[in-house]
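What follows is a set of notes on a single structure, which appears directly below.
Going by the order they are written in, the chains are A, B, C, D, E and F; count residues from 1 in each one.
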Amino acid sequence: MTGVIITGVPRPPEGDVKKLRGYGVATVHEAMGRTGSLGPDLRPIQQDVTVAGPAVTALCWPGDNLMIHAAIEQCQAGDILVVAAAAPSTHGMFGDLFATALKRRGVVGLVIDAAVRDTATLREMDFAAWSRHVSAQGTVKATAGSVNIPVVVAGQIIKPGDVVVADDDGVVCVPRLRTAEVVTAAQARVEKEEASRAAFEQGQLGLDRYGLRPLLAELGVTYQAWDEAHTAAEVVR
Amino acid sequence: MTGVIITGVPRPPEGDVKKLRGYGVATVHEAMGRTGSLGPDLRPIQQDVTVAGPAVTALCWPGDNLMIHAAIEQCQAGDILVVAAAAPSTHGMFGDLFATALKRRGVVGLVIDAAVRDTATLREMDFAAWSRHVSAQGTVKATAGSVNIPVVVAGQIIKPGDVVVADDDGVVCVPRLRTAEVVTAAQARVEKEEASRAAFEQGQLGLDRYGLRPLLAELGVTYQAWDEAHTAAEVVR
Amino acid sequence: MTGVIITGVPRPPEGDVKKLRGYGVATVHEAMGRTGSLGPDLRPIQQDVTVAGPAVTALCWPGDNLMIHAAIEQCQAGDILVVAAAAPSTHGMFGDLFATALKRRGVVGLVIDAAVRDTATLREMDFAAWSRHVSAQGTVKATAGSVNIPVVVAGQIIKPGDVVVADDDGVVCVPRLRTAEVVTAAQARVEKEEASRAAFEQGQLGLDRYGLRPLLAELGVTYQAWDEAHTAAEVVR
Amino acid sequence: MTGVIITGVPRPPEGDVKKLRGYGVATVHEAMGRTGSLGPDLRPIQQDVTVAGPAVTALCWPGDNLMIHAAIEQCQAGDILVVAAAAPSTHGMFGDLFATALKRRGVVGLVIDAAVRDTATLREMDFAAWSRHVSAQGTVKATAGSVNIPVVVAGQIIKPGDVVVADDDGVVCVPRLRTAEVVTAAQARVEKEEASRAAFEQGQLGLDRYGLRPLLAELGVTYQAWDEAHTAAEVVR
Amino acid sequence: MTGVIITGVPRPPEGDVKKLRGYGVATVHEAMGRTGSLGPDLRPIQQDVTVAGPAVTALCWPGDNLMIHAAIEQCQAGDILVVAAAAPSTHGMFGDLFATALKRRGVVGLVIDAAVRDTATLREMDFAAWSRHVSAQGTVKATAGSVNIPVVVAGQIIKPGDVVVADDDGVVCVPRLRTAEVVTAAQARVEKEEASRAAFEQGQLGLDRYGLRPLLAELGVTYQAWDEAHTAAEVVR
Amino acid sequence: MTGVIITGVPRPPEGDVKKLRGYGVATVHEAMGRTGSLGPDLRPIQQDVTVAGPAVTALCWPGDNLMIHAAIEQCQAGDILVVAAAAPSTHGMFGDLFATALKRRGVVGLVIDAAVRDTATLREMDFAAWSRHVSAQGTVKATAGSVNIPVVVAGQIIKPGDVVVADDDGVVCVPRLRTAEVVTAAQARVEKEEASRAAFEQGQLGLDRYGLRPLLAELGVTYQAWDEAHTAAEVVR
């Protein structure tokens, strides 16, 4: 594997990024028609932090952080560094020195499909990170990779310039050319959810609010009283 | 798979539930003869919270939260909602809207064999949850399931009306008709443990307190000094 | 499997242990030529705590904590108890009673290749623990094992008297006879890292500081502008 | 944990067992409304073998096969021995000596939520086994458990006397009192599948045979030609 | 999630596909600069079979095979059906009826990021399949998905029309527009490997053939005799 | 990490190796007091093959097979090559070219804590291999490691010259200086097992042969008839 470093990646409008950050991961994911989620395996090392920013991507060889050095040069203020590995890796490829360099450039966070280390220091520095593992295991700088090519992280394609949003629920990726559309859909969803929240606080049931009783009937779901069920031979399962 | 919704599930005595909550998960599990634990895979999204309550159970299709809507209607104040999946699922089937509806009904917590989302909001709301995963990945409402049938969560059978106790050590399930017996056994264990704790604080060894030295000898375990062991060819293993 | 309990294990110099604790896990691991890390699977139950101490090792049968009782008697002030299992185990083999006995003896922490329980109490007691799992599942005392023999935990050999260092990044093991050498190397690394940190704060790039640009070229990594790459048929991957 | 050994477990009609074996795991699972499957984690050690029989259940402590000895005495010709572990276990709890004893009694197979060993010999002996692991790791006989109580294996409740069916697709469990009903449903399913198979061999599509085209339309799924999709800004995802 | 079905996907030249099949997975992966491998998690249900063909892709909801029905209509002779799931799934989404329909159309194999069932029958039918799981667990037809959009399977992007090659070593994906280039590189690699094989059969060492001795020296790797190493305090590690 | 290559490793007596091969993995593991097993995660790529031989060990960086080249030069007829990785790796680090070189030297098998590839060819060549994964993913040659130092594979310490025995049940490691002792214990075990097998064929029960009935009673295990148990409120669990 050799590699390429793509320079001059276009970023999406800052206003869209800011709004996506405000909506958070779950809402953005729903607004994209339930796509874009990186699932449960990349977890934050801190609590109660939300970030959003255009992705600068790096594809590294397992146990090798050479391309992170190359990627840093491509990072601008507001970006999120996204590190993928060419095969599964538990190496602590990223620590406080990298975080120092990224903070200097105004980078707002890290998403890495491997491990981070120096996690106590990263939290002290307010440098937000999402990773598959936490581990002290160190790396070498010996093998080629790429910067700013499309990568796959946790089953999701992330292209350079795509907006990555990350919070306590994980990470979601919004394609660069769809940010405006997703902002609109997210805003609509927020409004709908606020109305539902108010209704549920009043005691309305989802069964009624979303009209689900007929669906249950259509699917053959029946109601049975406990006493009746337990004089029967066995509870249906 | 079609399904059934069982209504009118009997609950165990409130006094027993309150006492089981006071003992916590590890003590209750021991008091049941070391049974009932859901093991290490269902983890709390918050720290230092203990809940206990009768289970309302829902069996859902993976990626589908229709039956959670049906289950909410069956929940009463003090209950815990227990959600099982018909096959392993990483979907964030439960979020802050459901939590709003459940809080309104006085439900004290959630145990789910899938993911939760909106975890930052759930913590703010003081709605306690134990789950296999945390993930923003959303769901549909399309496939039948059941409410208040016996389910299996993390290798443990949970029947509607059983008492679920959950804290930082995980989750334990007490069959509805055994709560009184378990309360008695838990109380006995607590008293025994308090005496042991006092003894250990004074420096007594478990080897002596529990009379384990003869057992070690009977099992053939021998003592050997470091110097002696290391003039021998190799440490026995 | 029967077993042996080795007594009179020599400890490394206290001064070295104290210094290793000061460096933390990632630095010590690097100072050992990137060896000794237990990887990502043993995690702390608390945040922002670092401990270091000579290992007292116990090898237990899964679901059986008999040998922990035997190991406690071999523990001295400043030690760390290291518990290995003869096969993978999710049992909560260690709880607050054991922690009480260990605190009385001045033991500074626990590393266990199984589960801990009573985790809320352990945190209250300021007893630090690293484990593969958290689970309430209890144990028996029926099967032989050994104390103070070399054990394997998370792929790493730990011999009695080796120095275990543990923090938020996991656990590292330093062989007893190498502590002085590792202290020296760690000190050198710290100084080098401080200089790098200062440089990165000033905006220097790792590419330049570590002279990596020629390596990238030698490996065939090329730079390409976004516009150029995207008029080509496809981004190279 | 102490235990109980239940004797005199009733078995279901032999004719039903024989028919269930003929249908195989996938068909029986479907005939039960898509319930009863033990999922992907228990795998056969042999290929192209199907067995069915009433379950004799054993609940063992991890790393301890004492209760398998007790269970064997409860086994009759035609039975399947089902071994559950009180916590996850990788021990090779079952080998060729047990298989010899079971063959003598006419037992037709083993389902175990742990490991088997002597697998080459078991295949030579034509003793069929499904297990979570294969491993030589041996066990002790020191801790109590139970025989012929309901157990959970791979997320599925198996009660003594239930019919276990196992083949290359895994294992399914049919409750003892439902065998007749399941035989009837399985037969209906087989006939339906045969008709579908014939139709598919003739070139009919499932879309047409099952009337799925309107469903796709209702769900908003649209058709788009490749050329049209690729002049658009981006393929919808 | 709604979806789209893309029709009229262009296929790569048949000659290239045939040659790629001849090279096998490992060689094709190396010829692509060590990219394109789906790694170890998708395994064949049969032994000693190699297939290659253009991908028809389906993205399904977990536990739902509706879109496989839609995908079959898009399959042509020589194709391979690639099924991705919108979240991890253990469902046996594919069985012998689907295989019957695909064989009728001349489809040469299946790659699925979920489970297959009826595996004994599939082997009898000579229908080749690679899957993450084997399980009898059945599915519904209720939720939308897409056909012939780019999907991610086991960390790898597969676009419709890409060539999928699969054998005992797993699966590799070759982008549609790169097949000619990869055939050329694979042929070169085969020739190089044949020369190496002949040399190794004669007793040459890789150290010499690939000129690795200077690299070892440059990396600081030293040779030490056993006796010398073992009079030293400890073997370096 | 730099490294060392140890030359001139002493081998154990050939006669012992041959006998250990005859006993097989499970018997050897039992004869060592139930130690030495590598557990369930390293699996053979072939069926019905047993090998035994002294270990030549290699410690490689993940995704890098440089040290395998160095290790081959240290291999003699009858040896088994054991490859450990400095961190978890799914790379197919070993294929048919390495196997060709090893066969030329008379090496009898491979044990690798990563992946193998070219598995169909290896089977054709009768080159036996045990690995954690099978994957085509290729490697580089860039980072130092060691040869013939003690390594940990699947939780087990393997030192150069130790005897590795591998069959369908997995892998076991016998320390070099204990081979004679283990041969004696294994022979005793085989004789004992043959007597037990004969007794079980005659219908004797393990409960009686091993005198387990008093142990069950002592542990509080009781017998209860089905009818009696089921007029009680609930089966004890």
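As a convention for this text, contacts are C-beta pairs under 8 Å (C-beta built on N, C-alpha and C of every residue); 3 or more make two chains touch, one makes a residue touch a chain.
Since this is a predicted model, take the numbers as computed values, not measurements.
*Asks:* On the document's contact criterion, could you list the chains that touch chain B and likewise touch chain F?
*Replies:* A, C, D, E
*Asks:* Tell me whether chain E and chain F, two copies of the same sequence, contact each other through the same residue numbers or different ones, using over half shared as the line for same.
*Replies:* different
*Asks:* Counting C-beta pairs in contact, which chain pair has more, B-E or D-E?
*Replies:* D-E
*Asks:* Taking each chain's centre as the mean of its CA atoms, which one is most distant from chain F?
*Replies:* If we average the C-alpha coordinates per chain, A ends up farthest from chain F.
*Asks:* Between chain D and chain F, what is the separation of their C-alpha centroids in Å?
*Replies:* The mean C-alpha positions of chain D and chain F differ by 29 Å.
*Asks:* On a C-alpha centroid basis, what's the spacing between chain A and chain D, in Å?
*Replies:* Their C-alpha centroids are separated by 37 Å.
*Asks:* Could you pull out the residues of chain A that touch at least 2 other chains?
*Replies:* 1-2, 34-35, 39, 86-88, 90, 137, 143, 150, 237
*Asks:* Along chain D, where are the residues that touch chain E in the complex?
*Replies:* Contact set of chain D toward chain E: 25-26, 29-30, 34, 37, 39-40, 43, 47-48, 167-170, 172, 193, 196-197, 200-203, 205-207, 210, 212, 215-216, 219-227, 229, 235-237.
*Asks:* Show me the residue ranges of chain B that touch chain A in the complex, using the header's touch definition.
*Replies:* Touching chain A from chain B are residues 2-10, 66, 68-70, 72-73, 90, 92, 95-98, 100-101, 104, 115, 117-120, 133-138, 141, 143-146, 148-150, 160.
*Asks:* Given the complex with chain A, which residues does chain F contribute to the contact?
*Replies:* 1, 61-64, 86-91, 137, 140, 142-143
*Asks:* Quick check on the complex: what are the chain F residues that touch chain C?
*Replies:* 1-2, 33-35, 39, 86-88, 150, 152, 155-157
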